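Note that the chains take the letters A, B, C, D and E in the order they are written out, and that residue 1 is the start of every chain.
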Amino acid sequence: MIAFIIRRLLQSIVVMLVVALLAFSMFRYIGDPINQMVGVETSSEEREALRERLGLNDPMLVQFGRFVADAARFDFGVSYQQKKPVSALFADRLPATLELAFLSAVFALACGIPMGVYTALRRDAWLSKVFLTVSLIGISLPTFLIGILMIFVFSVWLGWLPSFGRGETVDLGIWTTGLLTANGWKAAIMPAITLGLFQMTLIMRLVRSEMLEVLRTDYIKFARARGLSDRAVHFGHALKNTLVPVITITGLQLGSIIAFAIITETVFQWPGMGLLFLQAIQNVDIPIMAAYLILIAFFFVLINLIVDLLYYAVDPRLRVDRSTSAGH
Amino acid sequence: GPIQAKTFRYAFQGDAQSLDPHALNETFTIGFHANIYEGLIRRDTELNIEPALATEWEMLSPTHWRFHLREGVTFHNGNTFNADDVVFTFKRIQMDGSDMGSKIAPNTEVIKVDDYTVDFKTAQPNPILHYEWQDVFIMDKEWAEVHDATHPTDITTDADNYAAFHANGTGPFKVESRETDVETVLVRNEDWWDTPQHNLDRVVFTPISQDSTRVAALLSGEVDMAYPIPVQDLRRVDANPQTEALTGPELRTIFLGMDQMRDELLYSNVEGKNPFKDVRVREAVYRAIDIRAIKQKIMRGQSDPSALMISPFLFALSDQFERPSYDPEKSQQLLADAGYPDGFQVAMDCPNNRYVNDEAICQAVVAMLAKVGVDVDLNAQPKAQYFAKVLAYDTSFYLLGWTPSSLDSYNVYANLIMCLDRDKTPTQAKFNYGGYCNPKIDALAEQILVETDEAKRNELIAEGFRILEKDWGYIPLHQQYLAWGAASDVDVKQSPDNKMLLYYVNMQ
Amino acid sequence: MASPVLQVDNLTVEFPGRRGTLRAVDDISFQIAEGEVLGVVGESGAGKSMTGTAVIGLLEPPGRISGGSVHLEGQRIDNLPHEQMRRIRGDKIGMIFQDPLTSLNPLYTVGFHLTETIRTHTDLSEAQARRRAIELLNEVGIPAPEQRIDQYPHHFSGGMRQRVVIALALSAEPKLVIADEPTTALDVSIQAQIIQLLKRLCRDHGTSVMLITHDMGVIAETADRVAVMYAGRIVEVGPVREVVQNAKHPYTEGLMGAIPKIGGRTEDLVQITGSMPRLSQIPSGCAFHPRCPQAFDRCTQERPELLPVGDSKAACWLHAPEAADAAGGRRG
Amino acid sequence: MAASNKSDLIHRPGLTGALARALDSDVAYSFRQSKITMLAAAITAIFFLAALFAPWIAPHDPYDLTNISLMDSFLPPMWMEGGDARFPLGTDDQGRGILSTIIYGARASLLVGFAAVLLAAAIGVTLGLIAGYLGGTADALIMRVAEVQLSFPAILIALLIDGVTRGVLGGQGEGNLAFAVIIVSIGLSFWVQYARTVRGSCLVEKNKEYVQAARVIGVHPALIVMRHVLPNVLGPVLVIATISLALAIITEATLSFLGVGVPPTQPSLGTMIRVGNDFLFSGEWWISMFPGAALAILVLAVNLLGDWLRDALNPKLR
Amino acid sequence: MRPKRPTPREVDVAERPVLQVRDLAKRFDVSPPLLNRLLQGQPQAFVQAIDDVGFDIPRGTTFSLVGESGSGKSTVARVVVGLYRPTQGSVTFDGTDLASIRSRKQMAPLRRRWAMIFQDPYASLNPRWRVRTIIAEPIRVHGLANGEAAIKRRVGELLELVGLSAQDGDKFAHEFSGGQRQRISIARALASEPEFLVCDEPTSALDVSVQAQILNLMKRLQRELGLTYLFISHDLAVVYHISDYVGVMYLGRLVEWAPAHELFTRPQHPYTRMLLEAIPDLEMSGRARTPVGGEVPSPIHPPAGCHFHPRCPFADGDRCQREVPMAHDIPGGGQVRCHAVEEGRMPPADVHTRG
């Protein structure tokens, strides 16, 4: 178990280093950061001086080393555009994105799993067909179109839900949350659904196909032959076994929710990381972009780690304890 | 009973970059600061200069100005405003990291005469010395010193600049809270020296970058005012009983520039030659553009086709100028005469998120030029990439917009029209990316700068513009309209410099 | 024979499919008496598993029972509602599948499987069920059941898992156990252990067994009677000694001859040419006739029914009383 | 010993035989069974043909700038007031006919989708085969890279690559280069799925006895991979390919929405939607809705095909 | 004992066995990852899949290996055909030591001379290839025929040789039944005109009736082409039927080998005896079977000494637990590894009802 975690951690560090290198080296080549920092009226000597002061003329390796060392201390420099430490910007924006990601993940799981189970168990029911068709349409429409149509219907037309922003937020010190006000919840509905729809569809389809596979296995047949009730067979045996592979893929999916939030946040002006990142891309705000990449990778690695541990908890075959395995 | 507190909510496509009033010289940011800070002068809704923190001023000699300051003004923190603050401010804008250095010549002396009098001594005569000072916001010296913000926000140090996130002006509104790119809340300054023309108690500002989301927010009543409104949505905003559209010409002139300095175009299939060096080609391009179609279809009437590189609003003699006619046949003829009967190919740089319908305008231009045989490769890109490219003079053909911040033609000459010689005069005509150059105009410009007689000066300006017109040096397109939307029950004053000034806003 | 535990009459199982309907089991009848072991043999695809699955009511759609009836202890069970049939499964009929590796859910302990089954069919408490489970494990010969009960299937070897499966099938003391190739996936040396265990337990509990296998050796040792299936039909059924040593149907004969025997002569094995027809192309008349060395006209046209021949019954025109002459006497 | 007389009867030699067998196969059968799948295939085919023969089918060539007139812009669909029969579905902000632009735009979208999927498949399959067949260090290396890649969803990677190229090339030589950039971006962000799947199948296949038989015969490992393993792992690849074709088309559209798509003078369906978005409130809904519907229908059809293929190629689900 | 079949080639090549296996061992590293070993102090783990195996196969004969699953039969086969490199020991094919071969090129002429038939008729044929291509593969690889026409002709001959028709080459494997597929496998194996065939459980996936067809075919081919077989099965009856010599494996060790008749009539090793006991009695003589007791031990932690001692009724509790028995000759030809046999503690073999 410890070895398992350590191995995962080591791998994660490697992954993070590679990402850091990517983040660093890729963005080093987009546009000229100096242009972004100064107004249009700065002379070229001043620019050169600034370049020198920022260390942009140092060898790449030195710059990278500095970058990693700083990143390890959560110091991603100062945003060229906003002139504020990136870590502070992230601290402001992270709660919004994480809450959005959390809500859409909950939405995706809470709808996707039951729908997947239903469609697998009642393959021929009309409701299953409806679920499958609607879900296909869900993945066939680009997210931004869904978002805009929803705004059009629910904000402009019906006037039920706010079209932008997080609504009222409550500041809890290090964390500002929109989940403590009715207003905040209302504001989160459309973005969360827009963001979660795609994942929900995937999870539903995944659960369905895994469940169908599991329902075909011998142990399910044998469970039926033992006269277990349908409930026990479907939920006690089939669903639990379905979840084993579903966990991994779902984990990967949820990891990407945070990154997918770029589009949703843009459409709904959700004040999160994605919006920050997109603005950063447009402004060639290298510190933000680099930090964002690293953060995404970090969350991904973290979620992966959690998923692995979950997997470990769910599937006893992975728990190799010596006392018993030596028995035969 | 107590009057209900009036909260005004408005949205713009971006946020003010910083609260530091000297950090960035950018229209919206400055306009936003103008609600919190004040300059020695300000401009009324007609853009006429009126006294603000200075009550009056006089030119003691062509190089010596005296400004009398308003007494009894306090900053939001209660400190009194006096000459020290003015001297401090003018020093501060000349430091590293300030984007406002150009508002005053570097060798200008700023002298405190007494607590409420300040002198300015310039090296050269400058009749329009204070024309841009509505944007030079006076900071409180003590406050800046206490909070270690005596330097403008310096991006090269990691330290937070207090002034970038806090504000202490003399203006009609105080900052209550601010979250960059999310929300800024302002409250009424009860101790303002001036009589408020607004009736607001609280202002909530939210940036909304997506056009359609912003319009939706206005239409659904989530904000009381939003801008810019895409021109095509103005009708709907107007048709909606709860909202109305506010439009009017803006000062910015949108124009096309062509590389006339290189002997061979960078991005073209023509080898060994630069077609744009041939005045016939420039005229051909000019005449190939159907500006009325652009106005009608792309701008939906929300633009004034322009014959000049400056808004008629800012130049008294503009009615002497008329736009050369749209004439594709002549255009083709000219191209043939110039030796390009089959046209030629060139790449065009165009921003896609800077001006109203910029990309659509470029596309239309591309299509129109295609009809006369000029094959244009359109490179539409976000403004950051666009500016990085053109600022390096790495372009053959581009679309740009320009507002003279002094609201005066000399600014246009100095930045766009005079000869570009990066080695000799690095700051002159820095934005003349095509390198148009006519020494006659340069000579005129020098006269314009020092000429103090208004009428004569205008004549000189007109003369310069005539030469430019004959040279077909630039292709002015239009002044785009401001396109604002506001709830019907609020009264917003729109000014052609596109600054949204809260102290003119009234709510029912 | 007293009233049989299982009585199957004219059972037909069909699969509606793309090229018409396939008959996997075609009009078969047999019965199993109390305490009796009926062996079912036949080539792969002959319909052995389908018969067993149909009896326990676990045919998977689109497969369905399209004719005939199944009676368990006199009660008709093939048309019971889903819920009632579920109560019979595991309680009155137990089933053992071929592969012990996949019959147990890898995510649950052996004990969970057992208590779950016990509690489904009895109203024992959790603790009582657990005690019973330990007893059962003990009974099937798993050493140290108190510790083993909390282990997962992957901690068990194949043979032990099959013992667990047997324990599960027998946990509610069913009247009938259907064992579908219970030893095929096991080692030769373990096979014998499992068969002996099954035989002993069923004898002790008086359980009837339907033992499906292709291993004639297992049948010979274990079964009381044997049914031989070919292409969805029973071609011969009779006491085991009779079928093994004195096969009546040419297919059975071929099958017996194809088994290599130790100490037998070393020449070539008896070989049935060709292969079993696909279900979609079952020949008319006797399905075996294209491969039958003794086929004659009637075989290609008329389908033989099971007819008594000596102690057993065979579905072969050779044994029709009036046909013996028509065939011109039996050769071989 | 003639054991197979029976099967000789159904033996038909030659090409017609192969064709007949293909038509007779289970896959073809399940295709004919599913009306929806046939419809989806028909729609996909129509889009493909339209895209392929766009110059002959489309009423106008929207990419030919001499052909479009700004004065024709914002015309509503033919049947609405003010509509023009030349433009059955109306025109966009530049005066391009929506119908023609959809046809050409589908061409752009399909081109991007196809090329990106091909690229992704080529990279993914190659790396997957190498990782799966060779194992060891190569495997570990490739899978680590894949893991890094996995932490970024396609859209992010595409944004990055697009940004990098634009940054490096200074945005020059638009047009075809922009297409190449988008294709590479999407292609590079999709390869992992192929690699993982192929590696998985390859691990299974390489232990199958037919591969070992080839090894015993002494077939060169490269040939074993190419001729034995590869064809047998292509089933899942095909399924991923259809589904990622749909995804690639959407990704291209999303990139266009975020402003980094194909050049505006050669609009794809995504560009059209993005542009049309700006005219939703102003009542010119046809500019975004027709391309939006076209995109959704195309993607839906491809997804349906992918879905069906997944089931049809999975014997366990039959 | 069965009469030895005279084969055409037996006369030319003297008594040199086609295959000589000496001291063969193959060890698989199944250790947990390094980190686990370091942190949890887990030792490295190895499976000694085969250990000190040695036997000869004379030309034109069949040598069979029997034993339970996991006893190492397939590993021997794979080492012999070069799929695995042995950890130790040597395999000599017709006088050439395989260890001396360095390159694929050098190996090619040898590969031509042997071939392998696999257990699973479904998995051993590439499902995407036509049967013709499958069978032609060895011909092409070894360049045994020139031109498509020649290849096609040769494939037709091969198909007919195994009892299929030449036109069957146009079909895909899935269009055949299991027995027919196994014939195709055999045709492929014969395509390079090998002298030596390794058959790894070629019939265990098949029905008895189909098995009979294949066994008969294999015997016919041996008679006609003078082939040498290494035959693997766990079905003793099948082995009895086809073999000249039989080796019995237990947990990687060859515990006994002897001429077939000898082994079946006078089994020496207790494990061999038990296996024979376990054969179902079709004759229904009423003989009581005594199945081998106990479970198969873990190959990673095999019992010390004689691997079989925990299940052996004749284990003496000391020597058997400590000392690995050495192979020693037994009367009638053959060898056995058993302390009890060596010490003469064994009762005479039970040979009733057989022979």
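In the analysis below, a residue touches a chain if its C-beta (ideal position, glycine included) is under 8 Å from a C-beta of that chain, and two chains touch if they have at least 3 such contacts.
Chains and their UniProt names: A, D = ABC transporter permease; C, E = ABC transporter ATP-binding protein.
Bear in mind the structure is a predicted one, so any value in this text is a computation, not a measurement.
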Contact-connected components, chain A (ABC transporter permease) excluded, all else fixed in place: one piece
Shortest path length from chain B to chain D (ABC transporter permease) (each step joins two touching chains): 1
Chain at maximum distance from chain C, centres defined as averaged CA atoms: B
Pair joined by more contacting C-beta pairs (D-E or A-B): A-B
Length of the line joining the C-alpha centres of chain C and chain D (ABC transporter permease), rounded to whole Å: 50
Between chain D (ABC transporter permease) and chain A (ABC transporter permease), distance of the C-alpha-averaged centres to the nearest whole Å: 25
Interchain centroid distance [CA atoms averaged], chain A (ABC transporter permease)/chain E, Å: 54
Per-residue overlap in chain A (ABC transporter permease), given as positions that touch at least 2 other chains: 31, 148, 152, 156, 266, 282, 284, 328
Overlap residues in chain E, where contacts from two or more other chains coincide: 179-180, 213, 295
In chain C, residues with contacts to at least two other chains: 157, 160, 273, 275
Sites on chain C touched by chain A (ABC transporter permease) in the complex: 56, 58, 86-91, 94-95, 97, 99, 102-109, 116-117, 120-121, 151-152, 154-157, 160, 165, 168-169, 172
Interface residues, chain D (ABC transporter permease) side, partner chain B - complex: 64-66, 68-71, 73-74, 93-95, 166-167, 170-175, 259, 263-265, 277-284
Residue ranges of chain A (ABC transporter permease) touching chain C (in the complex, touch as defined): 217-219, 221-230, 232, 236-237, 240-241, 244, 314-317, 324-325, 327-328
Chain E partner contacts - residues on chain D (ABC transporter permease) that touch it in the complex: 1-4, 7-8, 11, 13, 17, 208-210, 212-220, 228, 231-232
Parts of chain A (ABC transporter permease) lying in touch with chain B, wherever the complex brings them together: 31-32, 35-41, 43-44, 46, 50, 53-54, 75, 77-78, 80-85, 88-89, 92, 148, 151-152, 155-156, 159, 162-166, 266-269, 271, 275-276, 279, 282-284
